[in-house]
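Alright, structures below, take your time with them.
Consider the two complexes below, in which subunit A is the common component and subunit B and subunit C are the respective partners.
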Partner chain A sequence: MRPSIAASMLVLIAIGFAQPAYASACRAREVFVPAGVYTPFFKTEGGTRWVPVAPICLGEAPVTNEDFLGFIREHPDWRKSRIKALFAEDSYLADWQDDFTPQPEAVSKPVTFVSWFAAGAYCEARGGRLPTVAEWERFAGGSVATSQHGAAPFAFAMGSSAPELANTALKFPGIWEWTVNFNSALVSGRIGTSEGADSSQFCGDGIRAVDPSNYGAFLRYSFRASLRANFALKNLGFRCVRAVP
Partner chain B sequence: MCAGGAVKRALKGIAIALLAVVAMTTRVTSEPGERSIYQLDSSWVEDNGRALRLPALEGDMQLLALIYTTCTGTCPVTVKAMQMFSRSMPDDAKERIRFLLVTVDPDTDTLATLRKYRREMKLDRRFKLLRGSASSVRELAAVLGFNYEQIESGQFAHSNLVTVLDSRGEIVHQQTDFATNSKAVLEVIRQHPVER
Partner chain C sequence: MKHVAWMAAAFGLIAPVCAGNPEVSASLATSRTPAGFEEVRGEERAVMTSAPHVPPPLTRRHATKVLLDIEVKEHTKLLADGVSYTYWTFGDDAPGQFIRIREGDLVQTRFSNHPDNSVAHNIDFHAATGPGGGGEASFVAPGHSATFTWRAVRAGLYLYHCVAAPAGMHLSNGMYGLILVEPKQGLPKVDKEFFIVQGEFYTNGAYGERGDQRFDMAKAVREQPEYVVFNGHVGALMGENALRLKAGESLRLYLGNAGPALMSSFHIVGEIFDDVYGEGGTQINQHNVQTTVVPVGGTAMVDLAMDVPGNYQFVDHSMFRAFNKGAMGALQVEGAARPEIFSGRQSEQIFSPGTHLQRVAAVTSTNADHGKGVYERICTTCHQPDARGLPGVFPPLAGSDFLMSDAERAIRVLLEGLQGPITVNGQAFNGVMPDFSLADDEIASVLTYVRSNFGNAGSPVTTADVQRIRAMNRTVRSSR
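Take a look at the complex of A and B:
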């Protein structure tokens, strides 16, 4: 190879690294979400915050029963007959008939009754992870009028595409979704063991909602705060994200 | 500042309503040890540099709190309360329990910082100070039901939750007002004989 060609190839490679991440880097059934900014729902005493969010490849829809079955076949520890109570409560995959049989009509529907541990393990096995709250709120925090969702009672709070992703294949079928740091909201959802006065439960909050009229966000943040990592609920599923390669 | 607001109370109401639904739809049954948090496959380092995996804690009960050393709110109050508790408790309870402080801010709380904290807070050898990766801390907190978030550089909003683990690592008691009421913890310790 002549030195000039080698040099120009090096330049091309360098340009390649310097380029911003492109949508083409994402796989099938993924949507490219460009870098952006997340505005946390709660202001602090320092005022409204803006958190930069890196670009990601995002699952266009929540993981389905069929997808999850594939994972279960490869990873026997996550079968419902074998799962430990620490990692998922008894309702884990409650709607499956046995270890390998989801409801026939729900095969291509989102898997629910999955714990945070199971969801995280699935994503890791597929080379990804659960989205952070910041990522989720950024791609799904678009506000939609309650009236647009007739059937699912909390559908307006369960996400809809951010305006800039409106023309993508991104889908929100009206379920709650796990986030990797679901336990970051400053809300107490714990009952039974919280014997103290309200004011003794938290420190460092002084919280105020950025937009107090955003009822959907109130619901999401308090729902997340009420979860435990082994909860497996009827309306709670997940999708995965990957760093843009 | 630790003042609660109307917003927080409203949110708590919603959360309780949602949880009530959860409670009605789930059962709780499990084999002994199946709920032990020592099943978490995370790696930790003590302030003295020694590596630690959670199963190494088996045998003693543990009083566990998540803290960070630059906390100016309730963490020092909680830690002081744990320390006073450890010194004042009757001998029969004293030998059954150890104390675990886990930092939620591993970036700032290096081992050297934790060692300095141990000196400043005058923590004796029954206290372990642990540092782990951000994801290990997030996982441990998720299992405990401890919520926390970094709100601005150096400060966190966080639960004031302390947890008692039995000698196998199962959660047997949690409360958010330990600093002003440690009686319940003493009761729990007495009710759970240590199995060695």
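Take a look at the complex of A and C:
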């Protein structure tokens, strides 16, 4: 295990387990996710099969068009007419009629066609951030089942609550969701941040996937691997998390 | 190197991570001819045709730049009668279109993932030499497209397929097709050409279960498909869709097997392949072949001429795939009879050797499900789980006038078997049904079951009815 990883794990353990955290610290429309352990889909370096995850306050549903409109009004740089090409490709908010007009029937539905940059800026403006892959997989990677389906194809892969969150208000409406480190786990070669040595390592890990029948996880990792931070896609939205105060 | 990447991908991880391949505009795409390669002249759109048709042989005698556009769609299609499935396809259907190019061609491939799609996709051309066969170069999110160029260095018949994780799922959702790289001198001319790709579907419901079916990863990992089909659908090459040709015409079949699990033993019932290009290479490596292997992720080409007219089935000779999972198609051959090669039936006589075979009494049961059990154990093989038979091959029992109009005849068929021409619901059949040596109560149960299910509403058949007919038959025989 690399020292930096070991150190960061210790920090996470310290945060996650040394301090008590309470659900009452979370706001309305947030769900309290207690500290826990994420079992990665792939064995981690050194063979460790678990990653401690600190408690978080988690948006109970993806950010809606209405929510995002509020953010746009406060932060003009993120209007579709003004956004810099570096931060979002042409399809940014493609389903909005103009800078301030989402589709009327989609106002309370999840905002999509948003880039990683825009999603991150929104969360920051609301005092939070995007979830990490580990956090997301822990709270939403609950189902391996082939039988769980929602309205969207592969909705089961797009998220279902971890068992201990089953009775919360957590919602997964059948879209993919951004994670803060979507491009760090498996994708160095494709994304262009060439870390040549690491990519072969990830292939090796793939062969040793913890559960090869967990094809929801395969689909998510594959989908994340296809992304770049400026992408704005029809079926990709986001939700925010906040550290428990 | 390509194979290393492919293997890793096959085990589930994403090809694109396995060989970091920066986006470069390689000299491949420029007009200067690298040493050792044929000059590339001009450009043209790729010639592509939908299954089972094959584009005509290329007439040009030079290499060119081929512009190839492939779009991935995720959409619901019929897998079998009454069975729908969300296919992932190159173009509109599975298999994808047949692409015909020439050795030495530069193939500029634009690969597009429709914005309504759910997941990332890519394409691996087995005809390409380079990391992932294009898997990394083409890997794109929904709503994106990527372009890459590869040189068709080697002639032969090749599979192309998606290799995004989990690769086996992308394959078993329909993401495969064939590309023929003609040798510079072309292939020997034939009169007709078709292509057939075998593939598997792992549905959550059993074979024939109606309604919308979904991918079942557990069955896929166990390599136990519910469906094994030719050209993407049950019946894609049966009945009205049978391949048609004239007796004496030379025929070439381009065969592929997308798997992802099962080797194919391709066989035409009643025909012999004249020449086989084993494993889809450019050399004829055997003559007079009854069954040729089409490996998973591989191909074969067979040349033949059908001399005797008639209706021929072709199958994966792993027979339960053919009769119970869909791996069957038909060739309809028109022409004048050839009695010097094949006579057809010349006569039929009673065979009565004068001795009886010893039979152990069948276990009897009064269970109400008895008839259903007999039906599923014996009859579904031909008459199909839904009792609708196979058009032109096995007559239907559902709504069958032949069955329902004469219960005594039905009993006789089960006692003695049946062969020769019959007409069922106005459609002609000419096949053989053996006598299955069923006990009287089994015959009564199964006839009662089929006559009161599958939309039929007939009177029950009793064991006494069967005993009466059996006794009558004995009397007739002994009086002869």
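We take it that the second predicted complex is superposed on the first by the 194 of 245 C-alpha atoms of A that agree within 3 Å, B and C clash if a C-alpha of one lies under 4 Å from a C-alpha of the other, contacts with A are read in each partner's own complex, and residues count from 1 in each chain.
Keep this in mind: contacts are C-beta pairs under 8 Å (C-beta built on N, C-alpha and C of every residue); 3 or more make two chains touch, one makes a residue touch a chain.
The structure presented is a predicted model; accordingly, all values stated were derived computationally and were not measured.
After overlaying the two complexes on the shared chain, residue contacts for A:V180 are found with subunit B alone; subunit C is out of touch.
Contacts of A:D90 after superposition: subunit B is touched, whereas subunit C is not reached. Touched residues of subunit A were counted for both subunit B and subunit C, and B has more of them.
Contact with neither subunit B nor subunit C is seen for A:A28 once the two complexes are overlaid on the shared chain.
In the superposition on chain A, the residues of subunit A contacting both subunit B and subunit C are 91, 186-190, 194-196, 199-200, 202-203, 205-207, 209, 212, 218-219, 221-223, 225-226, 231, 233-234. Those residues of subunit A whose C-beta lies close enough to touch subunit B in the complex are 44-46, 49, 84-87, 89-91, 116, 180-191, 193-209, 212, 218-219, 221-223, 225-226, 228-234.
Subunit C meets subunit A in the complex at residues 8, 11-14, 16-23, 74, 86, 115-116, 118-120, 136, 139-144, 164-166, 169, 204, 214-218, 221. The residues of subunit B lying in touch with subunit A in their complex are 1-5, 7-12, 14-16, 18-20, 22, 25-31, 34-37, 39-40, 71, 73-75, 138-139, 141-143, 145-149, 151-152, 155-161, 173-177, 179-181, 184.
Across the complex, subunit A meets subunit C through its residues 91, 146-147, 149, 152-154, 186-190, 192, 194-196, 199-200, 202-203, 205-207, 209, 212-213, 215, 218-219, 221-223, 225-227, 231, 233-235.
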